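To keep things simple, chains are lettered A, B, C and D as they appear, and every chain counts its residues starting from 1.
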């Protein structure tokens, strides 16, 4: 079978253009940041502590001990509704693939964190605004099912604008699908942790994001059900600046803790250590063929 | 402005008035009356015989449409249970114990109001976290005592207000979805009007999903979708077309199991009979589900939603080659 | 063993004096009510619908089909703290026995309601303000344990000023004891219904009253954790009239329904009918020796 | 006015100052210093050697007393978890994951503030429904992952405000009691200061109840009891006497399992050592409980509270004779 066009283009594209932009301006404090410094600082502004959105693979690199074995890559978006507006849905998908270097809005797989084997899912806002379509739903569900088989703890980083319009009701149904998968996973006594990053809203927020044992909010992340603009338009009033921030949600009792990116990995390791028996889960990853512990 | 309500004015209204007047005057059957009635049928078919998705959206929002409460009222018996046990009784979500065709059930219904006063009380059928938490509580009650769960969905979406955000709307909806994933009793959901987004799904993660023919069930309201994608809520009719939100579309996708045919011109043209037909359909579905064991129900429900997806399956090897 | 003094006096006392008061004034509307009419109307004012507090046995009579087999009568209050203030605790108990014709603040037993066998507990405010001491705790616990053995549904009518001071911490511990008994009873899948009557507060409110499957509030009953006066004194502000009424709690989502006394029996029968299989529980009372179905 | 704080003024304070001054001046041991220290010990014993219940109430409320948070701070590790997932994070009840003597536990602590600002933030250690719901959530988490539950009780009582009533304080406390009835893990509660009424019991339905020697644990505050019974809160000292609220009384009743002796003059006179002794005691109790299976723990907990009562058993026959 031939390699599809979009995959060939993704492989062959010229990446040097992207690297040309050596400097980034902090949207919060205006400081010009040297991109390499920014990356070395986990994409957190060295001046004002603004947390830039992070790509899924960058995030994974900041977390895992070594190898990350990706699963679920075989699930790739179709065009179930034959959606066309300014561009067709397949065209939008291709543009996002090239932009993000991702095949969909979530990356799932296995890794170890300080020796703890975990199933790890990381959403990426740069692919279709992190919206949940059938592939995001399938990959998350698949991750939970695979984790359940192995009795591994599961950590999912959310970043999502909600359900994906272009897949219509098939997208909405992923809320039901993922919730059921989480419920089965948790009912077996496995630990489920979600880390809500900027932004986490809509169908992702109202399904697996808020269904976990422990909910960690990344500092300053915007988190809510309805989008801020929707609420402002409905009520015709401006909302306070801190509305729907992780810090606001902590006060309102919705999330367990707010953690800066610098503290995140150590915090997750401590949380795993409280609820997971390291010795019990250690052999689990041996069942993943590609994984070298 | 509701396009269906507008279409009902003019010739149709005129003809209705004429028929009514004639009926009052004449006792038996007359050829005049029969002629007018025939004309009326033709006009109805002409006006409503082939509705677009946007027209169906308007039909689903028709102010005279039977609301969830009309289905509840048609049950054999109903005892309302109130409150989330913490904060508030949300009148947008009515819940309680009921008998449906003689059988004991737990009922959950999203209720709009017919007038402004009632709409304020019912928050236009938009459920707040307290409503979802009441629903969750009653779902657990149903499971505890082996009562089937019957839900009636009719909401433009979950309440998007400040208080709802402050009271953790996301968690509330998620907790309903979790509760429905767990219950070991039959669950039948019926979309009777608008099935708007996660706010509708929260009480529709069901073994069987029934839809009134002209009801709509959508990932987002057409206005919301148009605003998000094109920055222009006025393009809602176009969004309605694209979103595949009609009963026929959703049966095609395997998301809805069964549609209940409406009278020509909409359910409100013969509400009592239509309501009874819906209840009969629910009764039939429950008869099929009731003999099943708790685990069978749960497993089948899992599989029902598990298989909903649409993607191109690429072989892992090919992907690996292509991406490296 | 000799009959204790208090029991002899209770048996021998002259009840004609009590019957002398043929008329009662309604505290709500001021109407003079002929006592027999009032009783015939379930102790509800015929003019303004004010619900008078009801004695436990009167309440039982309005509910049960025929026989009521009382259990737990063998548990009678001692004086564990050797409490004395103006009067000793035993003196207070004796006064209340004579006043209320009860041996403690709750009556427990078995009965049928429209043919449904139930375990029934009814508290009575006229005995030590319905406070929960060790005997109330023991009788409620005993009732739940006996109901659990027989897989009977259980209905408890609450009316309580809270924990009984004169039994100190032994009284407080009854919250733990009764809650555990309810938890065991409910975990077996049995139906537990509470009917909150005027007043239901403190230790009773914060244990079995709000722990049930279905919570019915009697119309206009005052229900809360802290007493109205305590709150007013703490905050130095007057509370609205409807604060802590059953109707207020219905709006606040704390209770399932508010029912007038006239509707109460029929409502309870309907609730039993939803959750209880009449055929399954019917033989249960045959195990109670004294009970003639 | 705290009677213990008052008693610490005057001669005792003077003597303390003199000893401190002498210690500063002299490096080695001097007979003067030894004399003063001996005098100090005698005075301490004189002032605090035989405390009345009311004095113990004041000791339990001493502003310098180690608070629940001081015990939490002395744990090997602590990660606070916040919120009831619905409405609010109640700072009067601190909860989280911790390590106690190397072992993973869930900790729940009622926290007063040392100054006005902190007291407002902590609501004077009076827990609201949201705090109890957070506690319940963490109890369930503990049971789910097999972590023992360690609680530190220090509250004058559950919050009696309007919002707490509106948010169903009764239901919140009851739900904590239910959760503790269900958990299949060891539960050790320590009354470190005031154990006030149902608000304290909500996190103290435990397998083992430990009490600091001068802590009090009472069905109602002495002031509340005096106000209820005699309409005069000023008679609190008398109520304290009657209520049998000291650790010695409660061990006598079988309600408390173990008291931890305090330094003469109260725990605050050597807080770090006292806190460590309490943690050691909890550690010892957990060692005994940990090998037990979930059902054994639950059954033993049931029996522990089941048997608490005090009544005269009259034979049914005699009663029946007498009453008819």
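Quick note on the criterion: a residue touches a chain if its C-beta (ideal position, glycine included) is under 8 Å from a C-beta of that chain, and two chains touch if they have at least 3 such contacts.
Keep in mind the model is a prediction, meaning the values are calculated, not measured.
Novice: Show which chains lie in contact with chain B and also with chain C.
Specialist: Output, common partners of chain B and chain C: D.
Novice: Just grab the chain with the largest centre-to-centre distance to chain B, centres being mean Cα coordinates.
Specialist: Taking each chain's C-alpha mean as its centre, the farthest from chain B is D.
Novice: When the C-alpha atoms of chain B and chain D are each averaged to a single point, how far apart are the two points in Å?
Specialist: Inter-chain centre distance comes to 53 Å.
Novice: Where the centres are mean C-alpha positions, what is the separation of chain A from chain D, in Å?
Specialist: From the centre of chain A to the centre of chain D is 43 Å.
Novice: Starting from the mean Cα coordinates of chain A and chain B, work out the distance between those two points in Å.
Specialist: Comparing mean C-alpha positions, chain B is 32 Å from chain A.
Novice: Measuring from the mean C-alpha position of chain A to the mean C-alpha position of chain C, what distance in angstrom results?
Specialist: For chain A versus chain C, the centre distance works out to 54 Å.
Novice: Could you list the positions in chain D whose residues touch two or more of the other chains?
Specialist: 85-87, 166-168, 171
Novice: Tell me, which residues of chain A touch at least two other chains?
Specialist: In chain A, the residues touching two or more other chains are 210, 252-254.
Novice: On the basis of the stated criterion, which chains touch which? Give every pair.
Specialist: Every pair of chains in contact is listed here: A-B, A-D, B-C, B-D, C-D.
Novice: Using the touch definition from the top, list the residues of chain C that touch chain D in their complex.
Specialist: Where chain C meets chain D, its residues are 1, 3-4, 7-8, 10-11, 73-78, 80-81, 83-85, 103, 134-135, 137-138, 141, 163-165, 167-177, 179-184, 187, 202-203, 205-211, 224-226, 230-231, 234-235, 239, 243-244, 252-254.
Novice: Could you list, by residue number, the parts of chain B that touch chain A in their complex?
Specialist: Interface residues on the chain B side: 158, 160-162, 164-171, 173-175, 177-178, 181-182, 197-198, 201-202, 205, 217-220, 224-225, 228-230, 242-245, 249-250, 253, 255, 301-302, 305-306, 308-316, 318-323.
Novice: Would you pull the chain B residues touching chain D in the complex into a rising list?
Specialist: Against chain D, chain B makes touches at 85-87, 129, 133, 166-168, 171-172.
Novice: Using the touch definition up top, name the residues of chain A that touch chain D in the complex.
Specialist: So the residues of chain A in touch with chain D come to 189, 191, 210, 213-215, 250-257, 267, 270-271, 273-275.
Novice: For the complex, which residues does chain B have touching chain C?
Specialist: 77, 79-90, 97, 104, 130, 134, 141, 144-145, 147
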